[in-house]
Amino acid sequence: MIALLIRDLRLAMRAGGGFGLGLAFFLIVVTLVPFGVGPQSDLLARIAAGILWLGALLACLLSLDRILALDWEDGSLDLLATAPLPMEAIVSIKALAHWLTTGLPLVLFAPVFGLLMNLPEAGYKPLVLSLLLGTPALSVIGTFGAALTVGLKRGGLLLSLLVLPLYVPTLIFGAEMARRGVEGLDITTPMLMLAGITCGTIALLPFASAAVLRVNLR
Amino acid sequence: MMPDLGKYAEAVLSSYAVSIVLLVVLVWLSVWRATRVRKQLEDIESKVKRDG
Amino acid sequence: MVLNVSDLTIARGGIKVLEGISFDLAPGGAIVLRGPNGIGKTTLLRTIAGLQPPHSGRVDADPESLVYAGHSDGLKATLTVEENLVFWAQVFGNTDISKAVKSFQMARLVNRPAGMLSAGQKRRLGLARLLVTGRPVWILDEPTVSLDADAVAMFASAVRAHLARGGSALIATHIDLGLPEAEMLEVGPFRARAAELDDFDEAFL
Amino acid sequence: MNLNALWAYANPKKFIQATDRVLPWISILAVLSLVVGLVWGFFFTPEDYRQGSTVKIIYLHVPSALMAINAWLMMLVTSLVWIVRRHHVSALAARAAAPVGAVMTLIALATGAIWGQPMWGTWWAWDPRLTSFLILFLFYLGYIALWEAIEDDDTAADLTSILCLVGSVFALLSRYAVNFWNQGLHQGASLSLDKEENVADVFYYPLLVCIAGFVLLFIALVFLRTQTEIRARRMRALLARERMG
């Protein structure tokens, strides 16, 4: 299992793009928002938390189809499926690798982007915490979507259509937590809900992803 | 005959219009596809029977 | 018997393609499946490998003893030969890749990225993967595609060495592999008959 | 009634024979009750003292909203039946119901927006109920798109039923999350057991007739569309058999 994780991380590094692409996309979103809504710093401060969450979500979405499609194309998935690893472990590792290459860099660099968006000082800790809690759920849900569309030739758009509705609860609680943090309100309830969703998806969704992947490998 | 709908006539009439149009389109599409598929299947079945 | 197939019927896309197949594979034995394209050899191998459920009949084998190699080799172009092999060895719980490297004469290539190999070299690497898994029953689908005559001979000798160690192999191919000891199984006669017409039940036929 | 006898209708041929017998009656009843309910509601009910004539939209809005949710529930049940018992008719019925449910959701959304304009002064409010329906509509779209995208019928049935299960859980979560996110303008449930609190009798009876009409229409459409899916499936099977020679 560790071998699979190391291989996926190594591939992400070698292919270039793996680590950097999501971050670069995030940076572009953050740069474009002021062009769209105007440069008033009080307005930016008010929407900063929401924009950063949305940017993180889109950056995640961007790289979802790579989670399984490459292994599907070169036959690795067939071989992995006949290897002594349970399919549930394979999809969990894939999701973890996706989180390490996409989600974690976003969490780490979120304060920098917060600076660009004029995020009020009180908001940094809740923002980083909410991203840290929420982005694993995004990766796990995204892996489910990737498993559903892995055999399709033009799966990219369909993948977004399938995954985005599933992202709604995570986005709502994550952005709510960050927003409440900015306004200095109590963040306990959304934080617990967000943590609950993340734990629930990590615990249960790999079974659905594995079932779907088995069907697709038939 | 027409009831007096007052100042909301537009809203009421347009929602009835939208809904009825949507329902009619849905029913029409379902029936159209049903007859088409039924006919295609009959064609294929008779052809398959003829060929043995 | 390491692999026992009895009265197996397989389906592709919900339609039966081959039916009533039975054979046994003994330790040290090899079976070569022959038949025209599209008859269902790949489906048969995938069913035996456990990637898809059989339509009916039984496949009896220890799933921990099978290793499957399909049309694609599952190689990563950006990883070196060594990294590719070590990865598959670790997935199957092994560490040693030297034997595989030696059998397929890949010592000169170990540090080269797999993407830089020629088609034949890639195929050899894909077959070397079988050795590092340490599993006794090889299930191979067209293993000699894009191999030249020398490489085919190399492949045959690798299979022979595997059989000599008590392993077994089930191979689908069109060409003569130069494995006279292998048993031939023509799958053509097992082709499924079309279903009865008016029997319009769960299977829609 | 012996519940096991019900499974006999999971046979495609038997399903078509049985539904062919009842379909005309259900269709007639559906049209009848829809016409009666809507005419009654449109022409012969008074105006509400607060909402004026817009209250007449209720005869479309509430039944379609009910059916939008019930259609998804029906898909959930048939998906489970497919996963557990692998009856093809069940999977095809889910496929047949999805577009009907999507149109119901669309009607509920459209009538809600048109109703909201005079009442709340805005076409669209990010009200929890409206938002939830929008999300439900997205789920329908994804489900239908997945069915259309996959060529192999059994694979598509498997994948869509798992999507339906997972989607149901996330739809529920979204409903809760949206409630948490915005408390909303929407009035409470229009129908409940103690109807006195919600809707007066004059509005209640035509509403019941309309709901019956929508339910019957849904059943008729699902029967018809399931027949179509079965025939299309048989057609594909015959063509594939012919190709094999």
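Chains: A, B, C and D, in written order; residue numbering restarts at 1 for each.
Following the convention adopted for this analysis, a residue touches a chain if its C-beta (ideal position, glycine included) is under 8 Å from a C-beta of that chain, and two chains touch if they have at least 3 such contacts.
Everything quoted here is computed from the prediction, not taken from an experiment.
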- Chain pair showing more contacts of the two, C-D and B-D: B-D
- Chain closest to the assembly centre - both centres taken as Cα means: A
- Query: Of all chains present, which has the mean Cα position farthest from that of subunit B?
  - Reply: C
- Report the inter-chain centroid distance for subunit B and subunit C in whole angstrom, where each centroid is the mean of the CA atoms. 52
- Task: Please work out the Cα centroid separation of subunit C and subunit D, and write it as a whole number of Å.
- Result: 48
- Message: Nearest whole angstrom, what separates the Cα centre of subunit B from the Cα centre of subunit D?
- Response: 16
- Task: Determine the centre-to-centre distance between subunit A and subunit B, using the mean Cα coordinates as centres, and give it in whole Å.
- Result: 42
- Interface hub residues of subunit B, defined as touching at least two other chains: 48
- Query: What parts of subunit A, by residue number, touch at least two of the other chains?
  - Reply: 218
- Note on the structure: Shared-interface residues of subunit C (touching two or more other chains) are none
- Note on the structure: The residues of subunit B that touch subunit D in their complex are 1, 3-9, 11-12, 14-16, 18-19, 22-23, 26-27, 30-31, 33-34, 37-38, 40-41, 44-45, 48
- Per the touch rule above, subunit A residues touching subunit C in the complex are 2-4, 6-7, 10-11, 14-15, 71, 73-76, 78-85, 217-218
- Query: Contact residues on subunit C for subunit A in the complex?
  - Reply: 46, 49-53, 64, 66-76, 78-79, 83, 86-88, 90-93, 129, 133
- Okay, in this complex, where on subunit C does subunit D touch? 13-15, 17, 194-195, 200-205
- Query: How about subunit D: which of its residues touch subunit C in the complex?
  - Reply: 10-13, 87-88, 152-154, 230, 233-234, 236-238, 240-241, 244-245
